[in-house]
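Going by the order they are written in, the chains are A, B, C and D; count residues from 1 in each one.
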Amino acid sequence: MTQNRVRMGLIGTGRIGLVHATSISAHPETELSWIADPFVDGAHALAARFGGRVTDSSDELLDSGEVDAILVAAPTPTHVPLIEAAVDRGIPVLCEKPIDLDIARVEALRPKVAASGVPVALGFNRRFDPAFAEVRARVAAGEIGPLEQLTIISRDPAAPPAAYIGVSGGIFRDMTIHDFDMARFFLPDIVEVSATGSTLFDEGAREHGDFDTAVVTLKSASGAIVTIVNSRHSAVGYDQRIEAFGALGSLQANNPSLSLVSASNATAVDARAPYEPQFLHRYAVSYSAELDAFLRLMRGEPSDSPTFDDGRAALLLADAAQRSAETGSVVAMPFN
Amino acid sequence: MTQNRVRMGLIGTGRIGLVHATSISAHPETELSWIADPFVDGAHALAARFGGRVTDSSDELLDSGEVDAILVAAPTPTHVPLIEAAVDRGIPVLCEKPIDLDIARVEALRPKVAASGVPVALGFNRRFDPAFAEVRARVAAGEIGPLEQLTIISRDPAAPPAAYIGVSGGIFRDMTIHDFDMARFFLPDIVEVSATGSTLFDEGAREHGDFDTAVVTLKSASGAIVTIVNSRHSAVGYDQRIEAFGALGSLQANNPSLSLVSASNATAVDARAPYEPQFLHRYAVSYSAELDAFLRLMRGEPSDSPTFDDGRAALLLADAAQRSAETGSVVAMPFN
Amino acid sequence: MTQNRVRMGLIGTGRIGLVHATSISAHPETELSWIADPFVDGAHALAARFGGRVTDSSDELLDSGEVDAILVAAPTPTHVPLIEAAVDRGIPVLCEKPIDLDIARVEALRPKVAASGVPVALGFNRRFDPAFAEVRARVAAGEIGPLEQLTIISRDPAAPPAAYIGVSGGIFRDMTIHDFDMARFFLPDIVEVSATGSTLFDEGAREHGDFDTAVVTLKSASGAIVTIVNSRHSAVGYDQRIEAFGALGSLQANNPSLSLVSASNATAVDARAPYEPQFLHRYAVSYSAELDAFLRLMRGEPSDSPTFDDGRAALLLADAAQRSAETGSVVAMPFN
Amino acid sequence: MTQNRVRMGLIGTGRIGLVHATSISAHPETELSWIADPFVDGAHALAARFGGRVTDSSDELLDSGEVDAILVAAPTPTHVPLIEAAVDRGIPVLCEKPIDLDIARVEALRPKVAASGVPVALGFNRRFDPAFAEVRARVAAGEIGPLEQLTIISRDPAAPPAAYIGVSGGIFRDMTIHDFDMARFFLPDIVEVSATGSTLFDEGAREHGDFDTAVVTLKSASGAIVTIVNSRHSAVGYDQRIEAFGALGSLQANNPSLSLVSASNATAVDARAPYEPQFLHRYAVSYSAELDAFLRLMRGEPSDSPTFDDGRAALLLADAAQRSAETGSVVAMPFN
C-alpha cells in the first residue's frame, strides 16, 4: 500500500512540525518520507516516532527524488526561499503562514509561483476547523440571508515571549493574520481596513512597540462589515468565536469546553470548564483536514486550501491594519 | 369602575395571604373587600396597604353580603369547614392546597361540593407558571408526539421548621402534592404510584418520621411514566424543572436565573447566578394567572383552574405515595 | 401619604410618555400631577388611567406650582427649550435622550444648566438595566481586573419608518447614542472615535443617506478599547449584549429569552425562544430604576443618573462617529 | 519495542470487536496478536487492517501461547465458557457485558474466578467516559457534600431489531445494565430496587413482552436514591446525562453536541446540533480508557476496571428490576 501514498517531506521540526508529522503519519494517503532540520536532533526525534529519512539540509530533501510534496514548518524567513526552491523543482508546497513578514519579498516571488502552476497552499488551518467551516457553509447556503456582519473574537491564552514578539512582525502580521484569512474565507473582497491597538499588559509588546490588544474593522465590497477583537491573553484559554449575522438570524461558532460537566452551587450555576489552552489541541482536527484539502489541491480537485494569493492577501491586510493603527486613517485595499 | 369588580374576601393573612392580597389588588377585575383573620393585626396590616374591611371572624366575612368570592389562605385544618360554609352560601372559593390532610374529610365534603355547582378551585399555582403551561400547551399541540415520559425535578431551597414538619402531613402531602398536580396537569389518569423516601439531612424530618428526600414514579393509563425527584433542600435555590419526552423530542422548562449575567474565568466559564430562593418570587406571575383562571371559572368560561376533584386526586396520590414508601409496593389508583 | 410624594409633571404622551407615566404611577414616592401635550387627547388618555391634571401647554404645567420635577418625553427639538424653562424655574428635569441633535444648541445651554445647580438628568435608561448595571458593578469591584475590552452588540428588531430616519440625526445620534452612553458608563474618558457604516437593507436609510449597519471603535484614556456593533434589524428581537473583558476573565450580559422553555428534536437541541421584540418590555425594569435614581439625584444623594454633561458627551461621540465614518479618519475627543 | 507490548487476543469481530481492535491497535502498550471468530472472514478483515494471526477457533487462540490477555467481544452465551477457559489457563480477560443473562451460570462460575486470582474485567465502558468519571471524582472529592440523589437519563437513539430484543434478556439486562453499573460506580451498595416499565412504541418489545420505556429507583445503603430514566428511542440521538446532587450543589454530565455551532433566528435562538447517534462514536474515548484501566488491573495497579463481581452485581440488579416491574414490589438486595 505504501508505494501509492504521497511521500511528504517535512522541513522544520519544532512544535508545529510535530503537529504536521502526526497528521502526515495518521493520514491514510500520506507517509513521512524525509525530514529536514538544521537542528538535526529534532529531525531524528520525529523520524524515530513516525519514520522517514533525516537530513540537516532542505536541499538534500528537495533533491532526493523521494518527496512528492513538502510541508514547510521552518521559521518564517525560510518560507520564501523554500517555496521558490520547491516551485523550481515542480514540487507542491504546503507552507505555514505567513509567506513572509515583508510584502516586497512576497510580491517578488508571486509571478514565479503563478507562472509555475505548482500548487502552493498556505497553512491557515482555521478554515478547516469544523465549526468555522460549518458556519461558512450554512451562510453560503443562505440560512441567514446575505452576510451583513461578521464578528470575530480571537484571543490567545497568553502572550508569546518578548524575544518572539521582537521578530514576529507585530500583532497584526503574527496573530491577527489568522483572523484576516478567516474574514476573507467569508468575504474575499475586503476594500477597507481600519485598526486600533493598545498596549495594556504585556511587557514584551511594550518593549518592542507592539500592541497586545487590538480591534480591526474591515469592509467588504458588498458593504458587509467584519469586526475582529484581539487580545494576547485570555484567562479562559483559547477564546475564538465567530458570529455571522444576516437578515434572517445569526450563526455562532462557540468555544469548546474541556469537559461536558457543569457545576451548580450556592454562588454559581451551570458553570463549565474553561477552554483549551493549547492551540495544537484546540485545532488538532483542523490540521488533519488541512492536509486533506492540500491533497485535493495537488490532485486538481476542488479544495478550500488557501493559496499563495490568499497568503499574500492576508499579509496585505495586516500591513494595512498596521498602517491604519499608526496613522488613524482607514486604508483602502486595492487588491489586484 | 369599582362597582363592577369582583369583591374578594380574603381569609388568612400570613405569607401566602399577602401574595394573594397583592394579586387581588393588582388585578383590574378584582378588589379586596374583606379580610378575615383571628390574628386581626395581620388583617389590619393588609387592609392598610390594599384596602378592605377587617374582621377576626370568617363568618362575618361570609355573611357580609359584600364578597362575591373568597380566597382561603388560612391553615389547612380550616379549609374543609370554610369551603363548606362558602358552598352553603353559594360563594365561589379559591382555596390554597391541600383541601385537607385527611382524605376521609375530603370524601365527606365531596358530594356537597359536587351537588352545589358552586365553583371551588384549588391553589395549585404551578399550573399557571408560564414555562410549565407552555410545555403543556406544546405537548398538547403534538410537538413531541404522544407524551411518553415526564420528569419533574422539584427541590425546595430549604426544609421548613421542625414544628411545621410535624403538622405538614409529611413530604408527599405537603411538598410533592404540587408535583402530583403537575403530573395530572399533563396526565390526568394516573393508575399506579410507587415511592421511595430517605431521611438524609433534616433534623425536623428525622424527629417526625418524615422523609427529606423522595422519588415517586407514576404510571398513567396511557402507559406514560412520570418521575418526580424531590429534595427538601437545594443550594442553588428553587430547582423546579420539567422535561416532557416523546418520540419527536423533548421540551424542558428550565429554572430562571436571578440575573442575565454570566461570568468566565480561569476556573469556570459561563457561570450564571443561582435561582430564586423564595417561592413567592419564583411563582409571582403564576399567582396572578391563577386568580385570572379562577375568575374565568366563576364566569363559566373555559379555565385551567384545578378543581375540588383535582385537589382530591392530588391527595389520593400523596396518600398512595406514603403507603408505597412504607410498604415497598406499588399502589394502584382506582380513581372514580 | 400623597402630600409627601414628589409631584411629577409629564410633558409628552407618546409611546415613551406612557412608559414614564406607568413608572411614576407605580413608584411609591411619586405621583403624576400634571400632563402636558399639544395633542391634548393623549394627555387625557393618560390622565384617565393614571390621574393628574391635563393641559396642552407645557408652560401651564411649569407655572402650575404643582410640579416638583418634570419628565420630558416630548419630541427632541423641544428638549432644549423645556430644559431651559425648567432650569429657569428651579424645577429638576429628567429628559429623554438626546438633549438635541445639534451640539451647538447643547453647548449654548450648558453654562446656564451648570450655573443653576438644578438637577438635569438624561434618560439613558440602559444604565439601569439590572444586567448591565451588574456587569459594571462587578467590573468596578475588580472581578476581571482592569477593563481591557468592552464589546457591545446592539441591534434593534426593525428599522424605524423612513420619515423618522429623515429627522433622526442618523444612526449614530439616534441609535448608537445609547451605546456611547453605555461605553462611558464603563469608561467615561473616551479619547478616540473611529466608525464605519454601511447601508445594506433599509430603504429609509438609503433614501436619507443614513447607515443601517455600523461598527464603532472607541479608545479610552486608559487604552481600553470599546467595540460597538450595530444593526437596524434583528430577526431574534432585541439583541443587546455586553462583554467586559480583562486579565482575569470576562463578564457577559446576555439577552433575556421570552420563555424558560427549551426544545430538543432531531434537528436542533436546546432551542430557546427569541428575545423581546419591544424595547418597552425589554427595558421595563430599567425605566423604574431610572426614575428611582433621578429621585436620589434630586435629593442630593449618590446617584448613577446620567447628567446633562453625560448627554452632551454622548452627542459629541455621535458627531465624532459620523465624521469618522464620512472621512475615514479617527477623531480625537478633546473633552472638557 | 513490540516484544514488550501486551499481546491481546480478540475473540469476536462484530461491531464492538472492531471498536476494541481499534483501541488495541492504537494503544502504545498493546498489540493485536490473535483474532478468533467462527465467522473467519470477519477475523481476516480485522487482521488486514490491524495485523494479528487469524483463527476460527477460540481454543486455538487461547492455546497459542502468544496471547497475554484476551478481549471477549463474542455473543453473550460464549462469555461464561470463554472466561472459564481463560481463567483455567491463567489468562486475564476483558469481557464485554453482560457476563451472562442467567445469574445461575454467573454464580456457578464465580468461585472459580475468585479462587484463580486471574484478573477478569467487565466492559462497562461508561465508567471511563471522561464526563462521568469527572463527576464521580468531584463527588468523591466532596464538592457537593455527601451524594443524596443521582439521576441518570439514559436513552438510546433507536430500538434494536425485534430479533435482538428476543434474545436480549429484556431492557433491564440489556440496556439498563449499563446504568446499574453507573449507579454502583457512585454508590456500590444498593439495597433496594424498584422498577416500572411500559411498552409504548416499539413493535419488537411488544412482540417479545419487553418494555421500551422504564424507570428504576435504587436506594443505597447510605439512603441516597438513584433514579434511572430509560427509553429505547431518542430523536436527539444518544441522551445520556447524569446529575449528582448533594447539600452543596449538583454536578451534571451533559450530552456532547455534534457541532459547536449554534443558530438563532426568528423562531428559536441558541439552537445546537443534535447528539451523537452512534454509541461507538459517543463512547470512543471511553473504550480506550477502558483498555488502559484493564492493563493497570493486569499489572496489579490501582484501577477502576469493573470486575467479575461488578458484572454479577449489575445482573443481580437487572434481575431485581425485572422482578419489581412484574410484581409491583420493591426488591431488597442482599449482596454478599
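What we mean here is this: a residue touches a chain if its C-beta (ideal position, glycine included) is under 8 Å from a C-beta of that chain, and two chains touch if they have at least 3 such contacts.
Model, not experiment: these values are computed from the prediction.
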item	value
Chain at maximum distance from subunit B, centres defined as averaged CA atoms	A
Selected interface, B-D versus C-D, where C-beta contact pairs are more numerous	B-D
Computed distance of Cα centres, subunit D from subunit B, in Å	42
Centroid distance [mean C-alpha coordinates] between subunit D and subunit C, Å	59
Numbers and ranges of subunit C residues touching at least 2 other chains	235-236, 248-250, 255, 263-266
Subunit A residues touching subunit C - in the complex, by the definition given at the top	146, 148-149, 151, 153, 155, 192, 194, 196, 198-201, 213-215, 217, 219, 222-225, 227, 229, 231, 233, 235-236, 245, 247-250, 328-330
Contact set on subunit A toward subunit B in their complex	235-236, 255, 257, 263-275
Subunit B to subunit C touching residues, read off their complex	130-131, 134-135, 138, 143-144, 248-256, 259-266
